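Following this line, the structures themselves.
In the two complexes below, chain A is the common chain; its partner is chain B in one and chain C in the other.
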Partner chain A sequence: MENTNMSPSSPLPSIVAPTAPDSAIPARDGPMQAAAANSPSGPDTQAAAPKKLSGAELKKLKQAEKAAKRAAKKSEATPPPIQQPGEQPGKQKRQLQPQQEHGGSKSAGQASSLKISAKSTQASRRASVSAPAPAAPPSGPKKRVGLFGHLYGNARRHTIENAPKEVHPSVLALGLQMSSYEVCGSTARCVGMLQAFKSVIKSYTTPQGTSLARHLTAHHLSPQIEFLKACRPISISMGNSIRFLKDQIIKIDPSVPEPIAKRTLVAAIDTFLHERISAADTVIAQAASARILPGETILTFAKSSLVLKTLLAAHNAGTSFNVIVLDSKPLFEGRRMAKDLAAAGIPTQYMPISAASHAVAEANRIFLGAHAMMANGRLFSRVGTAIVAMHAHEHDVPVIVCCQSVKFTDRVALDSIVGNEVAPADELLGYIGGGPAREQLLKTWTETPGLQVLNILYDVTPAEYVKLVVTEYGSLPPSSVPAVLRILETAQLGM
Partner chain B sequence: MPGAMNSATPDLPYFLKALKSRDVEPCIELLADLLKRRQIRTPRLCALATTHLLRRVLADFRGANADELLLRIRSVGRRLIAATPREMVVGNMVRRVLALIREVAEGAILGSDRSVSDEGLDGDSERDGDSEAEKQESRNHSPVRHRPNLSSGISTFSPLKHGATEPASMVPPKAEGELPGTYTPLPIRPSLQTALTQVSTIAPTAQQMFGLFTQPEIDDDPSGVDSPALQSVKSSGRPENFTEVPLKDIKAEVLESVREILDELESVDQEIALYALDHIHADEIILTYTASLTVQNFLLTAARKRKFTVIHVEGYPNESASTVTTIFGGRPQEFNEELELADEPFKPLTAAGITVIMIPDAAVFALMSRVNKVILATHTVLANGGLVAAAGAGNIVKAAKVHQTPVVVLSGVYKLSPIYPFDNDELIEWGDAGVVERYSDQEIVQKLKVFNPLYDYITPDLIDLYITNLGGHAPSYLYKIVMDHYDIKDVNLED
Partner chain C sequence: MSTETPAEQILTPEAVDDSSFDVVETYRNLLAMDPDLTMPVAAIESLVLGLAAHPTTTISETLDLLRDLSQRLAESTPNPISLSAGTDLFQRYLIMSLRPGNVPLASKKGTKKLPATDDFTTIRAHLLKHGRSFVANAKAARARIASFGRNLMKEGCTVLTTGGSRVVAALLREAAEGGVRFRVVYVLPPPRPGRPQSEGLDLVKDLRERGVPVATVSEGAVGYSLAGGVGGGKVDMVIVGAEGVVENGGIISRLGTCQIGMLAKAAHRPFYVVAESHKFVRMFPLSQGDLGIEQRIVDFRTDEPNPWDMTPDPVDFTSPEYISGIITEAGILTPSAVSEELIKIWF
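And then the complex of A and B:
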């Protein structure tokens, strides 16, 4: 099911993903700036929304409060809100979606990318809602794998049902794109979030009696963040950029007039995106691609926008090399990667992760992307990365990790169990033809006691498997991650 | 010929039915076709089909003497092996039947020649019940005397006398070794290189040393006389050809022994399962891979007494469907009611109160740190203690090694092959790439190379323990079991 979701939507991540940030960000900027340009229309949409919903507003508020309470509690309470969509909120959905669409189209004007994404989000959401809705019950405590009990949060949000009304439409859209993996990957999610926050800030007005610096973070930004978190736990890079943004907001003098403050913030986000992601990407791609020698076979796992950029940079520089892309269930991100590489004319092989030992034996160099670099030098990345790195270590094939410093964290990790993300288990059952077969499996799964399905998204690769981490600060051994963190800290203080 | 019944896909029951109604030649042809088209797959079914066919060939054979029978079986065996060269069990069964015939024929010669014949005959044909085999073996020829300071690799091909073959035999093993006085200690051992190249059948030196074995038929090989080892064999009373053994003298006994092999094939899972409680303790977390009746039986047997957790890895793409059906329904896809002789119907582990966690193959490394024991089924076990298992097993076994988790391999003796892996790549079969990527995806089909290896070769150092129907063995000991079940003259079936 994810699979079918992914393939039609596959162009989307590449729009949103900073595959070519210089172009992607403006593309993303398009709608947002349009939104900013019609800054009157920003409040307009907000005004329009309550107007339209005025009938249902009270009810909705209550529901939102309830939802918030429920969310604060355990997730045992989640089945009810998810079961709801089947019945009563069916109307609500129809009410809400037009609103979102209107909001989107109004703010986006003619710029189409957001509109398309919003639409396809709806489409995919509908698909995903209709399928996982029956699967919701199994997320009960009995279907949770004991070892990972601490990681099960609330069930992932797949709808904008009961979303707090302060949540900006672009954040709503992004949240749904994240929960359905349309926007997937640490960098893409981070960029998407910052872009969405730009429009959040642009459409923000400070209420009477407070100052922007105090109100924006606590009262306006946090519901947006909460919504994103409910859609999918946020990545390290998102956490880092949120911290950055909050710092920026707090620094703003209360005496600064609001429009200027907002402009400053938007500019700061742009700078951040440029410095920490798009420029960093270019630097890293250049440095890493210089390590590819002619005739080599490069192995990579799943999809990393940065590795893709690196390989394309090497290809554009005239180096001829082969690529083997390994991929795994259930996200099949490598499929996109392999297609992109093949489309660029790089001879590409594609294999499942079960072929890892064969693939590594043929490879001269391994390039891996990262979700995060932990302070103890371990690599936190898509589940399966550790397997590839392990084989590489065994075969003495150098493993090179491409990672922007925005993904560095001062957290440490020893294993993949304490910190991880547990995705909905039914994603693993999705591939079997969909339809009745899948329904049957879900039913068996739900009804069989003791039958659990675990779908974790990340694993931790031991530092000794990683030979090199390429960052915008240079190429370092994994043991130097804390050093980079120090540089970052001092830079932050300097700012 | 199989097309006659194209309404149903021909499989093993179809073949067994055909075996009853058709002539021998068409049956051989049919089985070769079925094997070639992989319509009979999995080692167990291949072994059953091969043995049934060989039994029929034996029964129908109208030759004059044992040598002709050997030649006939060899030629049938070659055809079957050519049909599916990487399904080692086909060759294994052929070699076992050949060894059987030799045993029986030898017994017949000794019976007529020697005064100790009664003992010899009994020992040869009926020795070796269950786990007694190795004990008795060691009694028969003391390892100290016959295997001085040599690695197991060479010993695999040492020209010792080979034991008999029916491990499932109900006859209690003889306390007295056969012909104790006829062995003379081997004065000189062949060098390691010679022994190793011997099996590859090309080295001329090997021919000099072991000419006897590379030209196994009716032999008058003069070069062999030079070999002290050979002399010892000769002096031990092993006849080199059986032209003077009339077929009628041995046929009934051989047929009976082949029937015992069939019995063994049917009871092997139960026999292996008897050891389950020796290896699984309470509250253990056991990781297993692929859908295997042997492993299911093993775990179910343990589940009657103990509670533990099973992590079942779903190997995408080849093993995925059968794994899911095993976990959810308790039976592998190839499961065939007609062939299942177990009294109780098969049930999933969850029905026995076991918690089963299904994970995708990419998550193996992430979870390995919490796994107590890895229990694997295998495709084939090789004489050096290495094995060929479903692709992805390599990932698991390596991850287990890295985490110091013991790896236990369950395998019937019939999967144990006398082949020594010189070229690992040769052992790997590559499957349909269409299951990795659908051919309908234009972009993929045109530009990408998609690979789908079916097997991984796993070196002996990654395995901690083998459990066969004869008991538990270290990988380094397998050569001995190989020697017990096969005759060295049959390792190479080529002319």
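And then the complex of A and C:
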């Protein structure tokens, strides 16, 4: 699925052939930067050669080099004009991003056009959770943090420009909301996607000569999913829901009239939303809120809709407790959490995650949300979660994870490196409390050699830091994630 | 079995006077009659008898009745954890057997499949009949545990134990009879008001009669016995019983078990729990305060001495991280396998 990202209408990759930038960059950089470590031509041979070569040979070499330079200049001269039309109409933001993400140690001047094209090699590398690591990291001087090189993919799509014509307007809107974090959080994104797919199905008509079961998934749903993926890598819950929907579609008998088939699908989505998300939320919130005892201090990190529901359920049940909300850059999701909790009348403190060690020591229980529960019991969640859980483990404060079974996956995670999502690095650099001067400090990071900025969105919390996972199937230790997966599998087979 | 006779009598529906059946009374009688009977099994047996005593004709009526009886049983005792393991399991067993083609795990041994019929009276008769075999199975479990557990006891080893667990007693007797030479460090809690004789004194006497050297120590000497080096370090392993095994693999047991677990972990000695699988409870305590029962163990005061006898049979929660293995009739489980077993029963 990841590899189909290079759809013909996607603006960036189609402009330059994947191999072009790699050959172009060294040739051009060679003369300017003596012996750039990873440029295979020019400088390297030049630096090693002189001692052994005679004058004539040296002359020959120089001539050859000049010819190469000329050739390079020519080849360089051609691509930009083609690229410009592709790039210009794009909003400023988009032009900015690739530069920041991929700008090498080269000067910014050359960067914009060439570096964008360089990404085409990476087109298929769009990071999704636990995507298998590609064989070799990309070469070439890029502003990428080495270990996480495989996670950089295309820059996020922030416009609907050049979107495939099949993409439904509601999916277009949702995609943009996702890429700008308007719709953020595993549950919200999953619900949003399924709602959008409902309108997709409603407005779908099966072309002549094919059946809905055969055509809908491959030809109509895929472009929608690809568009969403281009806006932001999809979450585990979204992947699970897509799998469910595809299952439903394939099960439809070709003889069933289209209106009925469509109605069945929409109803199936509604049932799914109800059973796996809204009803599950209620059950979990009920079960988890019973864990809060009067007078306790509950700590939570960032924002989870489920943790919010749990805390509100406990509050509505008449339990009096305090909440500490820890939050971190760059999304500051915890602010919404703190605001909602305070609005409900729960005494709430808001702290940066740097205060974790102090805050955890004061807490009686930690409630965390999840992006996904991995099959080895590890918790995949917003970056920073592992720090909180580690402190909690250290202070012997129980960590409770609230997670619907739709977020369970049979994949395992051993570290936060293999599967993760790298967000645009500049999101990390915006807004610094110390005033505009300090905010400007790293503005030029793309041009500072040796400086890299990494903005990953998730981390993996070891299973032993998690005491309890509350799901709609009951309360389990993290080691029982596979048991839940088995239940889900048998439930699906029985359906 | 001594309890066989009254049950058979009541099982004939004609002999039953509906109003005269008192589930709590039955439960207490069963426990008093058979000293080998554990609380969950007694609870299950009382439910079976209760079911026989009340002529129900529909499934939902039956389930309501069972819920009501379980509720009454739970309310009759200050610590219903162990008891509720039995009542929960039986209710679950019933629901599972009412589902056609579905035979629950607990009934696999010795129980025939439910007859495929819609006639509820047939189903009811079947349940009553096999409810009994359920109880018999539960009792047979102890012997199996003893045979599993004695394989863990190496020749010449020293075992530390505590409490009055019947399973531990069965295991140690089995080992002694099987010719394993071992020694026992028996931790005896001080006699409390209302319980003048320490639990376990009978077993100590019994073991000594069988030629097993037993050292009785106070609760304060556990660390000393477990510690390495000259003088200490005599204990190779800890074996304790449990009142209930909870979902995360931890146990609820006599007050004092938790600290033994902590000390054993610190001294790197294996800590085994012996428990029948009908003691698996569907609860998930995170800490001592989560047990859902009222215990006044830590009671801060400025005025008078602590009334430490407030709770007659205090229990504590031993976290799964201290437990090396749980020996059940289904085999030796790691703590994390407990929730798997529970899920198998419940889903």
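As a working rule, the second predicted complex is superposed on the first by the 343 of 495 C-alpha atoms of A that agree within 3 Å, B and C clash if a C-alpha of one lies under 4 Å from a C-alpha of the other, contacts with A are read in each partner's own complex, and residues count from 1 in each chain.
Methods note: a residue touches a chain if its C-beta (ideal position, glycine included) is under 8 Å from a C-beta of that chain, and two chains touch if they have at least 3 such contacts.
Since the structure is predicted, the reported quantities are computational estimates derived from the model, not experimental observations.
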Superposed partners chain B and chain C on chain A - clash or fit: fit
Which superposed partner A:Ile417 touches (first chain B, second chain C, both, neither): first
Chain B versus chain C as contact partner of A:Tyr473, first or second or both or neither: second
Contacts of A:Ala342 with chain B and chain C, given as first, second, both or neither: first
First (chain B), second (chain C), both or neither touched by A:Thr444: first
Touching partner for A:Leu293 - first (chain B), second (chain C), both, neither: second
Chain B versus chain C as contact partner of A:Val283, first or second or both or neither: neither
Chain B versus chain C, judged by how many residues of chain A each one touches: B
Smallest separation of CA atoms, chain C relative to chain B, angstrom: 18
Chain B and chain C contact sites that coincide on chain A, given as residue numbers: none
Chain A-facing residues of chain C, complex: 247-249, 282, 284, 286-287, 289-290, 320, 336, 339-340, 343, 346-347
Complex interface listing, chain B residues touching chain A: 309, 314-318, 320-321, 324, 327-329, 348, 350, 353-367, 369-370, 390-392, 394-395, 398-399, 402, 428, 436-437, 441, 443-444, 447-453, 456
Residue ranges of chain A touching chain C (in the complex, touch as defined): 291, 293, 365, 398, 400, 467-468, 473-477, 479-480, 483-484, 487
Chain B contact footprint on chain A (complex, rising order): 7, 145-147, 328-330, 335, 338-339, 342-343, 347-358, 382-384, 386-387, 390-391, 394, 415-417, 420, 428-429, 431-432, 441, 444-445, 448-456, 458-460
